[in-house]
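When the chains are written out, they are named A, B, C and D in that same order, and each has its own residue count from 1.
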Amino acid sequence: MKINKKLVLLLMVAFLVSIVAGCGGAATKTETEKTPAPAKEPIKIGLNVELSGGVASYGTNCRNGIVMAFDEINKAGGVNGRKIEYIVMDCKSDAAEATNVAARLVQKQVVALIGPLVTGSVLGATPIATQNKIPLVAPAATALPATVDEETGKTKEFVFRTCFLDPFQGGLMGNYAADTLKAKKAAILMDTSTDYAKGLAQAFKESFTKKGGTIVAEEGFVKGDKDFKSTLTKIKNKAPDVVYVPGYYNETGLIAKQARELGITVPLLGGDGWDSADLVNIAGAKALNHTFFTNHYSPQDNDPKVVKFVQAYKAAYKTTPDAFAALGYDSAYLVADAIKRAGSTDGVKIKDALAATTNFTGVTGTFSMDQYHNPVKSAVLIEMVDGKQVVRTKIKP
Amino acid sequence: MARLSTVNLCKSFGGLSAVLDFSMEIGDGELIGLIGPNGAGKTTVFNLITGVYRPDSGSIIFNGQNITGKKPYYICKQGIARTFQNIRLFNGLSVIDNLKISFHKDVPYQLVSAILRLPSFYRGESWIEERAIQYLEIMNLADKREELASSLPYGEQRRLEIARALATNPSLLILDEPAAGMNPLETQELTNLIRKLKDNFNLTILLIEHDMALVMELCERIYVLDYGRAIAQGTPEEIRNNPRVIEAYLGEEVG
Amino acid sequence: MVTKKLNWTHLTISTVTLAVIFTVFQYLIARQLIDVYYQINLFMLGINIILAVSLNLINGFTGQLSLGHAGFMSVGAYTAAVMTTKLGYSFAIGIGAGCLAAALMGLLIGIPTLRLKGDYLAIATLGFGEIVRVVFLNIEYVGGASGLIGIPQLTTWTWLFVSVVVTVVVIQNIVNSSYGRACISVRENEVAAELMGVNTTKYKVLAFTVGALFAGLAGGLYAHYFFIIQPGTFGFFRSFDILVMVVLGGLGSTTGAIVAAAFLTVLSAGLQSFPEVRMVLYSVVLIITMIYRPQGLMGNKELSFRTFQRIRGDKNGPVVNREPV
Amino acid sequence: MYEFFQQMLNGVSLGSIYALIALGYTMVYGIINLINFAHGDIMMVGAYVGFFSIAILGVGVVPAMVFAMLACALLGVVIEKLAYKPLRNSTRIAALITAIGVSLFLEYATIWLLTPQQRSFPIGTFPEKNYYFFDQQLVLTNKDLFVLVAAVALMVLLQYIVKHTRIGKSMRAVSQDMEAAMLMGINVDKTISYTFAIGSALAAAAGVMVGVYYNTIDPLMGIIPGLKAFVAAVIGGIGIIPGAMMGGFVMGILEALVSGYGSSLYRDAVAFAVLILILLFKPTGIFGKDTGEKV
């Protein structure tokens, strides 16, 4: 078979033209109309949570809290006469996976997204939420850029959170170290693999030095590290009055244990990442004496709402709820509340309702949303005493 | 002029001398045999000449150029080609592709022409293919060109290895036990083939062989190695009657 | 076997087929007939094909086991993203810089480490991948561990499609040339290759550099599709994912690599909610493949026009390589 | 000055852990020339067996270690029979890929069955004691001593087995030349099984010790120590038993010094950089001898 060479060239040119034309085509996106669901159909809410990977225990506990809240809401008759159907998916503690999961949940026509928990993954899922005009509530993303674009300073329209921010709790601890613990010299040992810990360290440093303290050492570790003795030896030789250890319990527990072994007896301080039943298992109760951390709530709180939540959670899951369970629980109620106030399942209307939240009462405190979609709420300061959490102070912003 | 000369070559492995003070001179167009008992260091000499091993001391001069310690591919480009004691074909490739690799050192087009499929690529490929087929025809393998090298019978694999070496266009061909595993008939054919190649391609040939009949019939001169040292050299007649050679081969009996 | 002349018939058929595939998806995407989730998987598929085909040049054709492909990918991803996000260059320049940076890295790593053989090389490349990851982890300029965020989504279907086609064509054209045969000869028998005049180090470095270049391309496209890149995304597990594609598809078969990349991308998406199961399945597939079919599903065969001719019983079609047993 | 000595102590105790894992690694490699990538994961399985023995059966550390060693010896033999034996005559790359497959299989099967959650040994599993010297400037724990003594003891035991027992002689014969060993009437399969059994038992012992030492275990705990131990084995000259020990100490001390005087964040990168440098300039390791390739 003979083929005309000119014809082939023509075809190739046509192909190239179609590519160029395609470039133009991609820009013209058409809005797809969503047909409103009949009233009796359940409202779908997507849970994009870390059930495996590095922070699996946060995701799991948070999911438990969310699921418990939605079950309670459904038992009480649902929202606007409709039941809530939650779809749970695992984002494997990975930002790209979080994007993928968010897209999949959107495909399943959820009206709101809860999760992911950690800031990095929230950043991954944000574009999907924004593009599809579906609000995303991040229960535990405490780093600044989760809701605010750092470069432009603009609030991200569809992203909200239910936790306080890193500067708040880090600053709180800095003040506490200087004022109450009377520390002059502090060392910082932070998990450099998370924005969260870095943000905390920064805020701590600022408030502590403002009070006249000095930072004598700034060291880092990476998630998954097990041996901290060399770094701790280095810190010990700087003779600090306190050591601030922002990070997550898997590592901070080991750090507390190894620090005490090396003879570092000064107070160790941390953030909400310390909150886990495993912390005591890893470090041992003795090593944790003389340690303090900031948190969203404490199960020891005698506020009736907290007591009721803790009881219900214990009945359902046989363990004491940690802060992530509490934040998940609050996030679920917040979303339900916003849908009720919006009177609609339209993403934009829910978003507006979320932004207008005032005096919402949850187990982690009563709060209103500020213009940056951050809740204005209080924190608790907990001291570990023989393996038990004891609330030292409750601090309003 | 000497085609190849080695001067006081030494190579040891972990304190064990494999080749010691080995000197050899091969004239243009000669057909030389290298014999010796097992483990005498014959293959090591080949590996030194072709650059697989770097000698501990001594030098190798080829066509007046010092090639001591040069890389094998460089030495190949200078005109030395070899076969292996245990056949080393590119088993997963077809017979013709085995040969085409030998032409790569003279590849007549750039990588860019290959990627863009420029006319020079097609010209170059046809040149390579024609040449490859020529060599296959000489070695009587042309009808097997698309078969996998590993699927050929043993004798043909040996021939293919020789073809592949020839295709690099050498002036010195080194054959490491070419008759190993062949029956007397095949050996006879091989003897004739080696003669024919030597004449047709104007080759100098150096070979290791255990088949004494072949060596004595074919070689003009013979070097004998024992424990890494050259113990004798000369015409087949001289070697046959050399008492040291007989001792080396038969042990203490004669001595 | 290489065709001696440009075959216009085959070229026409290929061009038309590609144009049709391109246009269909372009239409579907532009009209939003396939939703975001499927689009993500489509893009992941394209990126995986680039990765698998380029790793196949190193592992499959040249026979050098590299466990650091994700490292090259991350170099490309970070370079491209920094160019567009931080320095304000255009996407094309960013992608180009990413490719070059990755290729340069391949060259730099390749020259010393390729002296190593077999498993030592594998371990060295694994070490390289980890070093790259740790370095990115500690550079604040690119966001440290939390990654580089706010990368614009510039990877369009056109970019992806053209990149995939270019990758496959370039690598196929290299493989089916004297240069490719030199690479294959290294795999088949390094000593013999060297003695037949092939500068084996040069071809190992060539394979590494070209493979790294396309890994960098995949990285650049990845960064500009998923908005965010983190050092953790390019760890050993991603290198492993790519390796599974190559091994399953056939070490030394581009078609095999493409098919396996497609199959595993779809499988991975299907097993979204069961990540452990996916990894268990992958590892079992890998072990079983190695035991029962170490040459992979396709072996070193390619699916091509010739195969179709043979299936049709075309008498003029030459005999295709029989499989090694 | 005390800081330096403390760092050396830290390095030695970390190094003993690497040495423990590296012993098994190097032995398997020395005998069948296979990088058993799964070695670190067998260690992890050992740690889990030890954990369950202690947490559920309530036994002490030593019996837990025995259980773990027995279980992992069996596991090692099974892995060898199922995954490695069929590949004994294929390419090294195929064997290496399979080993990677086995490694991931163990990791993710464990995650699947036991969740990815970190677990901690019950407090008091190991009666801990700290010894302080020079006005608390230098600290040594009994855990450090335990690990160090265990590593040395196991090394001596292993050296004895390889050098002076019948099975050890078979192992050495197999490592020299598998075919010749077979012709001399050595049961190669049995020898390799024993090699895997011993190597895996060592890994299990290391796993329990790592678990007790750090008090926490998780399904992915074997990856990094496994790789580091491999580096240690390479530094010491792979296949050489005392070399693995020394390599472990070198790695441990190096890491302690990098963390103590540089930045702990580059610890892993430095370990791998050392690996690459060693491979490039002295691929046979510090104690290894050069052997040429046979052509």
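The criterion applied here is as follows: contacts are C-beta pairs under 8 Å (C-beta built on N, C-alpha and C of every residue); 3 or more make two chains touch, one makes a residue touch a chain.
In this text the structure is predicted, and so the values were computed from the model without any measurement.
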Which chain has its C-alpha centre farthest away from the C-alpha centre of chain A? B
What is the identifier of the chain with the smallest separation between its Cα mean and the overall Cα mean? C
Taking each chain's centre as the mean of its CA atoms, chain A sits from chain B at a distance in Å of 71
Centre-of-Cα separation between chain C and chain A, whole angstrom: 35
Report the inter-centroid distance (CA atoms only) between chain B and chain D in whole Å. 46
Per the C-alpha centroid definition, the whole-Å distance linking chain C and chain D comes out as 34
Among the residues of chain D, which ones contact at least 2 other chains? 111, 116, 263, 265, 268, 295
Junction residues of chain B, two or more chains touched: 52, 84
Return the residues of chain C touching two or more other chains; collapse runs of consecutive numbers into ranges. 137-138, 191, 276
Provide the residue numbers of chain A that touch chain C in the complex, in ascending order. 1, 3, 5, 7-8, 11-12, 14-15, 18-19, 22-23, 25-26, 28-30, 32, 52, 89-90, 92, 94-96, 99-101, 103-104, 106-107, 119-120, 123-124, 126-128, 131-132, 143, 145, 149, 151, 192-195, 198, 222-223
In the complex with chain B, residue positions of chain C that touch it: 1-2, 4-6, 170, 173-174, 177-182, 184-185, 187-189, 191-200, 206, 252, 300, 318-319, 321-322, 324
Report the residues of chain A in contact with chain D in the complex, numbered from low to high. 52-53, 56-57, 192, 219-222, 224-231, 233-234, 237, 250, 253-254, 257, 261-263, 278, 281-282, 284-285
Contact set on chain C toward chain A in their complex: 8-9, 11-12, 15-16, 18-19, 22-23, 26-27, 29-32, 35-40, 137-138, 144-147, 149-150, 153, 156-158, 161-162, 226-228, 230, 232-233, 272-273, 275-276
In the complex, go through chain B and note every residue touching chain C. 50-52, 71-73, 76-77, 81-82, 84, 88-94, 96-97, 100-105, 107, 109, 111, 114-117, 121-122, 124-126, 128-129, 146-148, 150-151, 164-165, 168
